[in-house]
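Listed below are the structures to be examined.
The following pair of complexes shares a single chain, chain A, combined with chain B in the former and chain C in the latter.
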Partner chain A sequence: MATTLPIFIMVALAILFGVLVMVITTIIGPKKPTPEKLAPYECGMQEIAAPKRRFPVKYLLTGMLFIVFDIEIVSFYPLAILMRQLKVFGLIELLVFLLILMVGYIYVWRKGAFTWE
Partner chain B sequence: MDLATLIFWIIAVILVGSALMVVGLRNIVHSAVALILLFAMAAGIYVLLDAEFIAIVQILIYAGAVTILILFALMLTRITGQQSRTNPTNKQWWIALVICTLLGVSIIYAATTSPHAVATVGSDSGQLPAGINNVVRIGQLLYSPTQYSFVLPFEIASLVLLVAIIGAIVIGRED
Partner chain C sequence: MLLADDAVTQLIHGIISWQFLQFVVTFLVIFVFVLTGAVILVLAERKIMAWMQDRLGPIYTGPWGLLQTVADMIKLLLKEDIRVADSDKLLFLLSPSVFIAPVIAAFAVLPFSPYISLPGTGLATGIVYYVAMSSIDVVAVVMAGYSSNNKYSLIGGLRAAAQMISYELPLVLALVGVVMLTSVLAGAPGYPGHDSIGTISLRQIIDFQGVWHKTGNPVLDFIFEGNTPWEWFILIQPLMLVIYYICGLAETNRAPFDLPEAESELVAGYVTEYSGVRWAMFYLGEYGNMTIVSAIATILFLGGWSGPGVAYLTGLNVPVWGLVGNLLALVYFIVKVYLLCAVFIWVRATLPRLRSDQLMRFAWLILIPITLGNILLTGALFLLISGLGLPTWVFLTVTGVINWAALFGFIWVVGRATVATTRRAQAPAIRARLRASTTPALPLRDGIPARVPELP
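What follows is the complex of A and B.
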C-alpha cells in the first residue's frame, strides 16, 4: 500500500485539476451563447442528415485487431521488467512470441485490413 | 480509519454507483461510458490489494480495449430511428433481484467460510519477499528458465492470439 499511495494521490490531483478548471471557467468565463456556439459542431461541414445508418463492420474489425495487439503488449510488461535478469533467454522468448504473431500481422497487412478504403 | 481504508471506501462507493449506472441508465451508450468508470475503479481496488499487474491489465485491456469494442458493437447494431431510450427497463427486474441476492449471499458465504478464505492482512502467508513486487513475481513465473515456469504456455498463448487475428480477418472481411 505504501508504494502505491503516490498513484492515488496522482489520480486525485488529476481529477481535482480537471474539476477545478471546469468550475473556474464556468464561474469567471463570459457567457454569450449564439446558436452557432451551441451547435455540437461549431466548425466544418454542415451536417446534411443525422447519422441514422449503422456503422460499417470495419470499425469492429479494427477494434478486434487492437485488442489482440493490446494483449500482446500487456504480456510484455513483466518480461520488460525482468529483461536484465533473463538476458539472452528473455530476448529469444520475446522473439519467438513476436515471430508467431508476425505471421498474423503480415497476413492482416497483405489482406489490406490496415488500409481504409 | 487509515488512508488505505478511506481510499477503499471512496473507490467502492464510486464502483457500486457506476455499476448501478451501467444497468440503470436509459441510453445504452451512457451505460458503456459508465462501464469505463467501473473498470477504472476495479483497477483501483487491485492497486489497493498490491496486485499491480492485474491493475495494468484492467486499465489497458478492459477500460481501454473492451469498452471501445463494446461501443463499436453498439454503433454497429444501433436500431435505425431516433430513439433516446435504447436501454429500456425490463419487467423481469425482480427475478434479477432474487438471482443477485442469492449470488451475493453465496459469495459472502464462500469468502468467509472456505479454507481458501481471504488471508488475514499482515500475516506472512502469501506475502511476497521484500523487494519483489507482483509484476516481478509474475514475470519470474512466466518467463524464467531456471525455476518452474510457464515459458511454453506463454509461447502457445501467441498462437491463440494468432488464431484470433486470422479469425477476425476471415469473418470480418467480405473478400
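What follows is the complex of A and C.
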C-alpha cells in the first residue's frame, strides 16, 4: 500500500488542480451576462432547430466495437510479458486467440461497420 | 498516548525521509514541466509554423515575440466565464477539469532521470496506467460536446469520441510489441530482468535499451554506459513507433486528424462554447497530451533519458556528480521529447486534413491488422530463432530488418490507398466537368481521366 501511495497522491493533486482552477475562474473575471452573449454560437444567426437531436447510430456502433476489442487487447499484455516462459504454448495460445478475434473482426467488417458514409 | 506518539514519530520520519524529498522534487518537476510545456509549445508551434509558411509569427510581445503566450494566458485568466444558456450546467462546468486532471496524473509514471521519478513500486504498471489515464479524456470530450447545447459542439464531441476510441486500439497494440521484446530479452546475457519475465514498467524498459559491458576505458564507459543507441527499440521496431505516433496524433486530435475541431465546418468542435480559463484548460490538456505521447515514445523507443555520461556519473556514488548526471539526464530527456513535439508541428504544417471515412478505415482496416501481425511475427520469430539455438542478437537483427522492410511497405501501401480513395472520391466531379467542357476528351483510365484538364 505504502509503495503505491505516491501515485495516489499525484492523482489526488491532479484532481485538486482541476477543481482549483475551476473555482478560481468563477471568482476572477467580469460577470455581465446578457441574453445575446449566453445564446449558443450559431455564426450570428438565430437558432433554427434545437441542437439536442438524434445523431447517427454509427457512433454508438463504434463505441460498442471499441469495448469488445479493448477488453480483448488488454489480455495481450500478460501474454507478452510471459512470452519467453510460455514458448510454443504461448504462440499456440496467441494463434487461437487471434483466430477467435479475427472471426468477429471479419464478420463486423463484412457487415460494413468500418465503412463511413 | 503511546500510540499517538508513535504515529507522530512515524509521520515525522516519513516527512524528512529521502523518499519524501524525491517525491517533492519529482512533483515539482512534473508540474513545472506540464505548465511551462504548454506555454513553450504554443509559442514554438506558432513560430515554427510561421517559419514553414514564410511568415514572421508573433514578434511584438517581448523580445522576438517570446512573451506572446504569457500575455495570452493573462488575457485568458481575466476573461469572462460564459455559461451558455440551456446547457447541462454540471457537465458543462466539470468537463475541463475532467480533461486536465488525467493528463497531469499521467505524468506521474514518467521517469525524468534516474532520481527524478516517483518513488515506490506504483510505477511497475507504467504502460497500462498511461493507457488508462489517456482514455479518460474521451469522457471529458463527450461531456463537453453533449452539454454545450450547440450543434457544432455535439458533432465535434461525437467525432472526437469515435476517433479517439478507434485509435486507442492500435495505440495499445503497438506498445505490446515493445513489451514482447523486453520479455524475449529478459535474462539474456547483458540484459536486466530475471526469471525471463518481461516488464511494463517504463523505468525498466529504459534499462533494456542500455547494454554496455564495462570495458575499463573511462572515455568509452563515460559515453556508452547506459547509452547504446544501437539497442534502442526504434531500430528493432520502427514500424511500431510510426504507428504509435500516428495514433498519438489522432488521440490528441491534432492535424491531420483534427476533424473534431475542423474550423472550416465545425467552428471549434467541442470547445466552441467555452471561454476564458475553461477554454485554456482544454488547450493545456491538448498540449499536455502531446508532451505525454512524445515522452512515452521517447521512453519506449528512443532510450528515455539515456545519453553520454548519465549512467557513468550517477554510478560514481559521489553526490555532486550524481546531481550533474541527473541534470544531464533531464536535459537529454526534455530535448528528445521536444524534438518529437516538433515533429507534431511539422506534420501539422505539412499534411491536409483527412476525411472521416478515410480516418475510420485507416484505423480499423490498416493499423489494427498490422499491429496484430507484428505481435504474431515477433512471437513466431522468437520461437524459430531460439528453437534453432541462435543467440539473441540474431533475433534482434532479423526482427529489425523485417520491421524496416515492413515500414517502407506500410508507407507505400498508405500512399497508394490515399491516391486511390481520392481518385474515387473526385471521379464524379471530374466526369461532370468533362461533360460540361467543350475541350476534347482526355484519354481515360478505368473511366477516370488520367490527367486533370487545366482550367482556361
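One rule holds for everything that comes next: the second predicted complex is superposed on the first by the 77 of 117 C-alpha atoms of A that agree within 3 Å, B and C clash if a C-alpha of one lies under 4 Å from a C-alpha of the other, contacts with A are read in each partner's own complex, and residues count from 1 in each chain.
Methods note: a residue touches a chain if its C-beta (ideal position, glycine included) is under 8 Å from a C-beta of that chain, and two chains touch if they have at least 3 such contacts.
All figures in this text were calculated on a predicted structure; none of them were measured in a lab.
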With both complexes overlaid on chain A, does A:F76 touch chain B (first), chain C (second), both or neither?
second
With both complexes overlaid on chain A, does A:G104 touch chain B (first), chain C (second), both or neither?
first
Between chain B and chain C, whom does A:I15 touch in the aligned arrangement: first, second, both, or neither?
second
Just chain B (first), just chain C (second), both, or neither: which does A:M64 touch?
first
Which of the two, chain B or chain C, is in touch with more residues of chain A?
C
Quick one: classify A:I28 as touching chain B (first), chain C (second), both or neither.
second
Applying the touch criterion given at the start, work out whether A:V96 contacts chain B, chain C, both or neither, answering first, second, both or neither.
first
Show which residues of chain A both chain B and chain C reach, each in its own complex.
3-5, 7-8, 11, 52, 55, 58-59, 63, 66, 70, 73-74, 77, 81-82, 85, 90, 98, 101, 105
Could you list, by residue number, the parts of chain A that touch chain C in their complex?
2-11, 13-15, 17-19, 21-22, 24-26, 28-33, 35, 37-43, 51-52, 55, 58-59, 62-63, 66, 69-70, 73-74, 76-77, 80-85, 87-88, 90-91, 94-95, 98, 101, 105, 109, 114-117
Quick check on the complex: what are the chain A residues that touch chain B?
1, 3-5, 7-8, 11, 50, 52-55, 57-61, 63-68, 70-75, 77-79, 81-82, 85-86, 89-90, 93, 96-98, 100-101, 103-105, 107-108, 111, 113
Which stretch or stretches of chain B touch chain A in the complex?
3-4, 7, 44, 47-48, 50, 52-53, 56-57, 60-61, 64-66, 68-69, 72-73, 75-78, 80-82, 133, 135-136, 138-140, 142-145, 151, 154-155, 157-159, 161-162, 164-166, 168-169, 172-173
Show me the residue ranges of chain C that touch chain A in the complex, using the header's touch definition.
23, 27, 30, 77-86, 93-94, 96-98, 100-105, 107-109, 118-123, 127-129, 148-155, 158, 161-162, 165-166, 168-169, 172-173, 176, 179-180, 182-184, 186-187, 195-200, 267, 272-273, 276-278, 281, 356-357, 359-361, 364-365, 368, 372, 375-376, 379-380, 382-383, 386
